[in-house]
Each structure stands twice: as C-alpha cells, then as structure tokens.
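Letters A, B, C and D mark the chains in the order given here, with residues in each chain numbered from 1 onward.
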Amino acid sequence: MYFASDNTSGMPAQVLDALGQANDGYAPGYGADALMDGVRARIRAVFEAPEAEVFLVTTGTAANALALATLCPPWGAIYGHSLAHIAVDECGAPEFFTAGAKLVAVAGENGKITPEALGEVLAQAGRGVVHHVQPGALSLTNLTECGTRYSPDEIAALSARAHAHGLPVHLDGARFANALVAEGCTPAQMTWRAGVDALSLGGTKNGLMGVEAVVLFDPARAKGWELQLRRKRAGHLWSKHRYLSAQMGAWLEDDLWLDLARRANAMAARLESALAGRAELLFPRGGNMLFARWPRGQHRSLQAAGAQYYLWPDGQNLEGPETEEVSARLVCSWNTTEAHISQFLAAMGQA
Amino acid sequence: MYFASDNTSGMPAQVLDALGQANDGYAPGYGADALMDGVRARIRAVFEAPEAEVFLVTTGTAANALALATLCPPWGAIYGHSLAHIAVDECGAPEFFTAGAKLVAVAGENGKITPEALGEVLAQAGRGVVHHVQPGALSLTNLTECGTRYSPDEIAALSARAHAHGLPVHLDGARFANALVAEGCTPAQMTWRAGVDALSLGGTKNGLMGVEAVVLFDPARAKGWELQLRRKRAGHLWSKHRYLSAQMGAWLEDDLWLDLARRANAMAARLESALAGRAELLFPRGGNMLFARWPRGQHRSLQAAGAQYYLWPDGQNLEGPETEEVSARLVCSWNTTEAHISQFLAAMGQA
Amino acid sequence: MYFASDNTSGMPAQVLDALGQANDGYAPGYGADALMDGVRARIRAVFEAPEAEVFLVTTGTAANALALATLCPPWGAIYGHSLAHIAVDECGAPEFFTAGAKLVAVAGENGKITPEALGEVLAQAGRGVVHHVQPGALSLTNLTECGTRYSPDEIAALSARAHAHGLPVHLDGARFANALVAEGCTPAQMTWRAGVDALSLGGTKNGLMGVEAVVLFDPARAKGWELQLRRKRAGHLWSKHRYLSAQMGAWLEDDLWLDLARRANAMAARLESALAGRAELLFPRGGNMLFARWPRGQHRSLQAAGAQYYLWPDGQNLEGPETEEVSARLVCSWNTTEAHISQFLAAMGQA
Amino acid sequence: MYFASDNTSGMPAQVLDALGQANDGYAPGYGADALMDGVRARIRAVFEAPEAEVFLVTTGTAANALALATLCPPWGAIYGHSLAHIAVDECGAPEFFTAGAKLVAVAGENGKITPEALGEVLAQAGRGVVHHVQPGALSLTNLTECGTRYSPDEIAALSARAHAHGLPVHLDGARFANALVAEGCTPAQMTWRAGVDALSLGGTKNGLMGVEAVVLFDPARAKGWELQLRRKRAGHLWSKHRYLSAQMGAWLEDDLWLDLARRANAMAARLESALAGRAELLFPRGGNMLFARWPRGQHRSLQAAGAQYYLWPDGQNLEGPETEEVSARLVCSWNTTEAHISQFLAAMGQA
C-alpha cells in the first residue's frame, strides 16, 4: 500500500540491466561517454527537435533550478502557480541558482494557471520601472502539483501570453510522461510546438534511479554553453556520467518510459474508480495522482494497516473528530499493483 | 591501458549487487531510508566519531562546495594549494555555494602546503581590516593533486596553525582511501584527531557509481541543520536516496573500500617500478597516481597504441621535437590490471 | 504642490551647514571620523541602548537589505506585508544581499500585519522540513506603505509571535520619525522594548541628503562584525564617511529629526482636513502620508496645474470616465507649505 | 601633513556650493533630475562618446563591482593585477556582485600588467574546458595601486590582447583624472579609443564628497538596462539623486576635475623632488602617489610629529632596528599644501 510518492518505487529490470551493462569496462567521464550520444539523438528524435540540447542531472530540483537560471536573470520574476514545486518544495533552489530571482505566485484552480490570471499579474509587474524585479520567465508544471493536466492548447495559450511579454517558458515535467500518455499527444506537441523553451524531463518518478534531463529547445540557448557551465559549477556534472546515460537510454528504448507511465496512470484510474462513493475527489485526475477526502476514522484504520500516503496539504494530522473529512494525496507508480489497491480499500473499509 | 583517471572505471560486483538488492520494494526518500542509518552508524564507527554527521551527495565538487559553504562565510578567504581541485577544477563551485568567498592560493612543493607557507599568507591576510576578505577556512587535499600524501602529523601541524587563527579545516578526500591505506593509519588519525573539521570522503574514484560523503566532525556543525538545507537547496538531496546508501554501505562492508584502494595503490607501485629508468618521476608517489616525464616520441607511440592518460599540466600537447620530454599524469584504479601495465610499457618501448 | 514623495525635498539649513563644517580639513575615512563617535553615542542615548551598534549607509534599500542579510540565512523566509517596500520596491535587493532568501507575503488590512495572520503563515511554514525554506525573520514597516502606523503594543505582539518561533525582527523605519512623533512614545518603546532586533532608521525621507542608520539592538549581532563586512562588500562603506556622520549628527541635534517629522505630519493633518468632504480617505492616517480617492476629472485638473503626486496603486493612469474615482498617494514632507495645500485644493476645485 | 589618502580631503568650494544650490526646491528622485541630464551630456562630450551611458554611485567599490558584474558572468575569471583594489581592498565585492566570479591575479612590475603576462595567463585559462572558470573580463587600474601609470598605448595593447580572447575591458579609474593630466592625453584616448569598454570614473579621491561614475562605452551594454537594475538591486540608486549630479556637474564644469588633479600631481612632484637624496623611490611616479623607503628612525620622528601616511605594504609596523629601511605610501590631494610638505621634511630630518 505504497501511495506516498512515485519516488518510493525502484527501477524496472530494463533500467537495472542497463546499469549492469554500462558497468563493463572503461568510459570517459563528464558526459563524453558514447551512451550519451545515443540519448541525445534519441531525445532529439522523440521530440522532433534536431537542434535541441540535452543535459542530464540527478534531481528534479537541479533540473528546474538550472533551467530557470539559464532563462531568468537575477533581477527577474519567475511566474508560477502558488503550489508549484519550485515555489514550495525546493528550499529556495531557484533563488540560489538564479542569484536571487523572485518567484511570483499566480493563483488558479486545480493547480493550473489561466492566461487571464497570468495576464493580470503581468499587467501589474512594473516592467520598465527600476524599483521592481522585471518579468523573467514563466514556469508551468505538467502534471501539476494537484495531479491535474494542461493540454497542449492550454500550454500554448499560456506560452503565447508569456512570449508576448518577452518571457521564456519552462515546463517542469517531473511527471511529463504521465501527462503525455494521458493526453495522447506527441512530446513535441506538449513542448516546443506549444511554446516551451526549456523542459525538465523527469525520469526519477517514472522508473529511473535518479535522472532528469534538461532539454533546451530554444535554439540560441541550446547552442550556448551556459547551462553546461552552470551544471558543473553546481556540482551536477557526473564524472561517471555513463550511468546516467545508461538509465535514460534504457528508459527511452522501445518507449519504456511511456509504458511505465501508462501503468501508473492505469492504476490511478483503478484507484479512482474504487474510491467512487467512498471519498470525494478534489481535482480532475490528470494522470497518476489522486487527491481525495474521507472521514478521519478511515484514515486512522489505513495508517494502522500500514498504508503509506500523505495527508494534504502539508501539516495536516490525524488529531480531531472521527467523522470529519481529511484530505489525502495518493500517487501510483509504474509498479503499483492491484493488490495494493485492494488492500487499501479493505483497510479503508474497516473503520 | 586506462590511466586517464580513476573515474573511468566502473563498480566492483559488490556495489552493483547492492544496487540490485536496494531495488526491491519501496523505500522512503530523501535520506530516510533504513540503509542510510547503517551507513551513518558505520562511518561513525570507522572514524571513531560517534557524534559525526554524514551526508551523501553524488559528486566531489558538491561535497567540497557544500562543506566549504558550511565552514566559511561569504566574506571569507579559503586557503588551499594553488593546484587544488576546488581552485582549478570546479568551475567556481566554492564561490557559488559560499556566495562569493575568495580562494587564496598557498604555494608549496609537491602539491603540499607547509605550515610556514600558510603562516605567511595568514600573516598578510589583514584580519580585522574591513577592506579585506577575512580568513575563513583551510582546505587540504589528500592525496594531493600531485599524487603526494600528507601524513597525519603534517595535517595536524597545518590544522593547528589554522585553528590558532580561528579557521576550520576541510579535507578534500577524493582519494582519501588511497592515502589512508598508503599511510597505514586509522581514519580518525587522518581526520579529526589531526584537526580536520569536515571531510569530503570520496567514493566515486574508488569504485562507486557516484557517491561522496560529507562528514562533519565538528560537533556544533554536526548538530546543526545547515548542511542539510544547503544540500537540498543545491539540488543534491536525492529522492531515491537508498541507492546512494546502498553503494556506500557495500563499499564500507568488510573494508571493501580499503581493499579497492590497496589494489589501485599496488598497481601504481608496479607501474612506478616499471617506469624506473625509462621516465623521470616528478613527485614522491603517495598512492595511486604518478606524474612522470619522458620523450615526446614515446608519448606519440603510446597514444597511437590507444593508451589513455593526460599530459600534464593542462593544455600540453604533442607538437614539438621528438626527444623533448613531456610530462604526464598516470592514474591507477581498483581494476587496473597488470596487463594494462605491460601493454603500456610495450607501447612506450616501440618509439 | 509637491506631494509625490518626501524624498523630493531638500535638506534643512542645519544639515547643509553641517556638511559645510565637516568639509574643513582632513578626516580619517571609512567610519573612523570623530563625528561618527558622536552619532553613535547620540543614537545609543536616544534609544536608551548603550550596547546598540550603528552603521550608516545612504539608501533605505541598502539599510534594509544589509539588516535582513544579517538576520536571515540564505534558506530563510522573510515574512513581511505584501505591500512592503522590501517586497515590492527594491528590485530584489533582499534576495541579492541574503544570497537567495524568500520573501513571504503576509496579508493584512491597511498595510498592517496582524499576529493572527503571522501565526497562520508560520503554522504552514514547514519548519523542520528540509524541502521548505525555513522561517528566517519578520520585517515590519512603520509608517507602513499605506501610511498607517503600528503602536508599540502592536509591534510587541508581532515580535512576541516572531520570537516564539525563533525569528528575529527587523523594522523598516524609512518614516520612523513620523511614526514616532505621531505615536508620542520613545524610540526605545517603538523598537527594542517592543522586541525589534534591527532597525533601519530613515533619514533621507526626513530631511537628509542621503543617510540611513542600521541600528542593531540584539547584543550578539551588535557585537559581531558581520554587518560591517557586508556593508563594505556591498560597496556601502563610504570613504569620506564624515559627510554621513555630519548629516546625521545635525539631524539628531536638538531633536531636529523630531521637529521635521512633526512638521510633515502637521501638514498631512491639514491636507486631510481640507480633503474631508471632497475625497474619500482610504486608510487611517498614521503620519505624513495620505491615500484618498476622488473623481478622475479632478485628477486631470490637478495634473494640468502641475500637482506632483502618484496615482495608486502603481500602474494607474488617467484614461477613463471623468467621474470614476481614482486613488492617489499624497506625501507631505518637512518643507511642505500651507501654500502648497491651498494651491492643491484650488486646482482640485477647478474640475 | 596629511598624506594617508586623497580621500581624507574635503570638497573644493565649487562642489560645496553646487550642493547648496541643488538643495533649493524639489526635484524628482532616482536619477530623473535635470542635473543628471547635464552630467550625462557633459561626460559624453568630454569623452567624445555620444552613445556612452553614465551611472552615478557613491563609492569606487560599487562602481567597480557593478561594472564587472555587467561585463563578466558568474563563471568568469576577471584578470587583474595581484595588487588591484578589486582583488585586495573590496572585501570580495566583485565576487558578491558577479555571483561568484573568480579574480585571477596577473603579476607585473610596478603594479602594471604586461600583454605578455596577460597572454600567458590566458593561455593557461582552459577556455572551453567545463571544469574551469572561463575567461571573463580584464580589469586595469590607472593610476595603478603602485602610483604608476599606463599610457594609452599600453592600455590599447592590453585591450587588444583581451579583445582577441573575447574579453571586455574594465578600467578602474579611481585616480583617472590624475593619470589623464599626467599623460596629457584626451579622455577618449585613455579609454574607448584604447579599447576600454567600461570605466569607473573616480570623483571621490579628487574632490567630491562621494561620487563615481560608471561609464559604459560598449554600445550594446550602454543601451541595455542591466547596470541600472543591478544598481537599484544593490541599494546604490540614490533617491535624492540630484545631490550626486550636482557634485559631478560642478566637478566637470570649467575642467575643475582636471585642475584638481593637476594640483595633486604637482604637489606629489614637489614631494618627490624634496625626498630625493633622503629616501629611495620605489616606483616611477605616475601622478599623485609616491612610494618610498627610508630608515625606521625617521618614520618614528614623523609619526611623533603627527604625519599621516601608511606604511606599505599593509601590515608593516615600526617595531625593529632604527636604521632599517621601511616603505611608505604618500598620497597628495587637490588641497595638499607646500606647508604640509615642508613640515613633513622637517619632521623627517629630526631623526
């Protein structure tokens, strides 16, 4: 009953095997390994972006912060949803990497920003007034922190608004694959065709040990060298880089990444169906995450039975009346099983 | 013939196996995995430092920069050898992580700082004068960048000098195990008993995929929370942290880390003997690295035969007269073989 | 008709004369001038704080950012009102000086934070969770950006809440003197007796050419050397420092600073009375600033007549229906005259 | 007998008068004052640089650090003489403002860098190697810290070398006027015609209360907005900016700045002549600074008589044998008098 996060799961066999194979022999370090050439070529092909540049790092926080530092100057404002990972869960990494940019919250239902809300914030941004930080970048998240999803059209509308104000667009894709297969569109449609300039392509929450790719679509930035130097300078350039390449290579091969995401999404759909009538769903499910609320008593039963998940939002606890409803976040991963779900429902029913 | 760096080698079977075992099932993220409890306990035992705190990251640059940022304020001077990795090979990571501290070079033969040289630099440091950066920290490297070695007594003498000026002491131990087994002392003797306050304990160059431990011996800093927050904020807190713990656990188990270092050192000793009479050794060998010079013509033969190593210092190349001597760095690793050495000598002899 | 800001006014004769006197002869630089000894002693006496430390700089942004950097670590959250100068009008200076701390907005009517609102934000702050920035400091502003005022009791209640969470308290006193004389309390009551650890004591908006004092009340910080080094490192240590000391010395002498503030407040009171019946006041007036709204047509008349003031909030303009009400900020300074007010009302009446 | 620094002197009457005149009435803040338009136009005319942009700040450290941050990225190396003010006397301000760039010392006799020495350092810089900070900017100082002087041709040769490597050139002109009048060339010849991209034009050491201008000659940077935002963000944008403009306006009017520099240089020449035979001059005098050595006994007499000057280099003191020679720095300013020099010589002779 592991629904706490998709990062509590391990790697599928293909990825572990790839690590073993990469382990043989000697390889040059720091990204000069032959496997990386394959990864770069494959990502360019998958994204239909022959001039994109690709950089591997090992955490989503690093991917986001490096991408944002490349897009936004120290005196810039980064617009993102008030619940965004970059704003809430990275201990100020974007501020650190950008040398002090300011994250400006944009409100929006279901964890999503609307072009109107973005427009309003930009209208008040004080562009051209030296006393104010200047509009710097837009950062979207797909799947969102509420487990909802932007369609390519929605992303395109937001990007258009951002670009009209001269802002580059970053997409935090910690759960990009889950969004992609749920949407049924191409990687290009979800990214550069919709105006995305830089993508954090998340592997860790979808079956890798710890690899994320920063993909720069914007040709000028892709050709530049800035992100590479920032990565080194932040201690994120791996010396035995082949092990990152190997993971991502296996993940992309035969569309494993899409299969893993489909499995996670399918389990979330099953869980959603099973909860119908027992719990109130909080947001429209976009992929492999659910937010729902049900009586505190059942939470107690679940936790007694060892179910792993987070109450939501942060800081909730189980003190209080038995019948009061408390919200939870439930995340399925590529190796969530039907048995986990059955056990969960059984424990929930015992209250 | 892979003598370019000890980071071009892979992992021994024990470490790869540990990754496979860690892959089973689910584990909490961000360092709350049970394996990390074992690693922490083991490092405390090995270093006879029951109150030390241990933080895993995946690159030496991250370990060094995080340790230094914890030891030194933004207006501090970090004293280190002019060839130190932190000064030359980290693209300014210490400056970035410390928010602008200044690296001050201390000269010294064979890549080693003497207490006298440190004393001279400190005497001119302008402590108490607001116009000057203030003495902040001492950073030593063992093995040094020249492959030489500090003894515990030498470290103690330098630490005493630093502490007398109120400076904490950092030890960059990218090749700590190689130094340790060559010296034949205990980990405690090489570190906190010799006055070291923070250690970057390198695993990557000695058989791991990518793990370094920052070990804080200084009790006040160990108890604090600063390094943990800095690690997160720098994107260096792994979500699937168990895979870092697993590597380091296997490495420490049954003293594997010492065995690996002994093998590397033994191969370097063999290579050194073999080169005697053919090349001039540049520095007294401290562990698994050699620096030597021989005629350019033999370098050409070696490179034609596919031998992997760096000319030294950076920026040398093979243009020039056949008989002129050119220096090289040769590094042995845990899986360097006698065959590599024989082939190397054979290729060298063909000139 | 100069109501745009109290920083469009010049210096009173006493201050200009003091500059002339300070100009004679030679004086040591960088704060070692004898005049500074007098300023330090006088501020300690005025604030009944014999161990406070005093640092002069030339802008409020510098004073605030230096104070905050001394109070709050890079991974800290600085709590302040959503309209606070540090959040809105300093182009990210606090983020720059702190190396990336995060400004967290606390809402509140009339530009004031309530202990309850602060408590709520602190309850959600995630203290102890490594993913979140950690509570770092509270920053209050008095007079507030809405021209309202905190009483010493209100400050004490907020400080108590902050201190209970381990947070030091900063007071942005760009208009401290205006608040002080309006409140009729002592400087000590408004600051350290109410729990303030660091004060930005504003002189520039109250008759100086460009001097603000950072006053550290917290004994540990006052004794330390950090702020002095930060000031130098930020380029804010004046070499001909005597000219800063001279200004502030003259300002404090014979309570000139309080007289100037009283004059400004009195003019604001007069303007407030005169506007009664013609305009709607937006906030309870705390000192020398008014916010009011009246029909756009009258704004047009005023601006045609050369009246200087800002529409409020930022970004308003005079396009739109004649009768619609538009808000304005009106600031009186030590040399605002009754004639200015009469002219203003006359121009307003011509619509 | 004030020879400690040219910043222990006050302002000439013209500058003080200008402050008084600027004090009348009201003026818009933050650089929008009419006086600034005059200053900008005058500097453009004086430097024959109609597209140059001009920014006033109040310390040389701020001017240098802001200029360098605009020229050099965080991962850049700033090449300067090992004695340069930016390297030694600014408490790490360049590192702070640039977000961690590295100052790389270039050696050279008499405080001057040679193109050859610069070329050698650049040859070893590791451009294109991700592990190394990348060549970022060249910073020269004229007059140098040794009181010597670069000719326009020397600057041009160094700039050409820098530009050939893609490096912009900064000139720290804390004593620019002294160099200029000594050289007898035009401001343009000493700056942009010699390849200088950004100048810190020092007023404070040459008669102003505290004003330095950053002049951006490079057209792309001059048109940009970066330096303006950096200035605000660093707390260096004055609200009552007219007082900075007024000073600089008076200084430029009727070539007062050149007259002041000529007076200081002339006094230094007189002092130099007077010292001939009594002391050994250390460097060829370039303007208003002398470095000389003479017996310790005479230093003691001088200091007993109240002579103000620094022993040199930093950290020297008067303990030791009477006859041993000790070096000193002697600086003349615009209001040094012949009487000062006579008294100095008299006191020196009493030993």
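Methods note: a residue touches a chain if its C-beta (ideal position, glycine included) is under 8 Å from a C-beta of that chain, and two chains touch if they have at least 3 such contacts.
Keep in mind it's a predicted model, so treat the numbers as computed, not measured.
For the pair chain B and chain C, chains touching both partners: A, D. When you average the Cα atoms of each chain and compare centres, the chain farthest from chain B turns out to be C.
Chain centres here are Cα averages; for chain A and chain D they lie 50 Å apart. Separating the CA-averaged centres of chain B and chain D is a span of 41 Å. Centroids built from CA atoms put chain B at 34 Å from chain A. Each of residues 74-75, 90-92, 96, 99-100, 130-131, 229, 232-233, 237 in chain C touches at least two other chains.
Against chain D, in their complex, chain C makes its touches with residues 2, 4-5, 7-11, 16, 19-20, 22-29, 57-63, 65-66, 90-93, 96-97, 204-205, 209-210, 229, 232-240, 243, 308.
Against chain A, in their complex, chain D makes its touches with residues 30, 73-75, 99-100, 130-131, 134, 226, 228-230, 232-233, 237. Only residues 74-75, 88-92, 95-96, 98-103, 123-124, 126, 129-133, 313-315 of chain A touch chain C when the two sit together in their complex.
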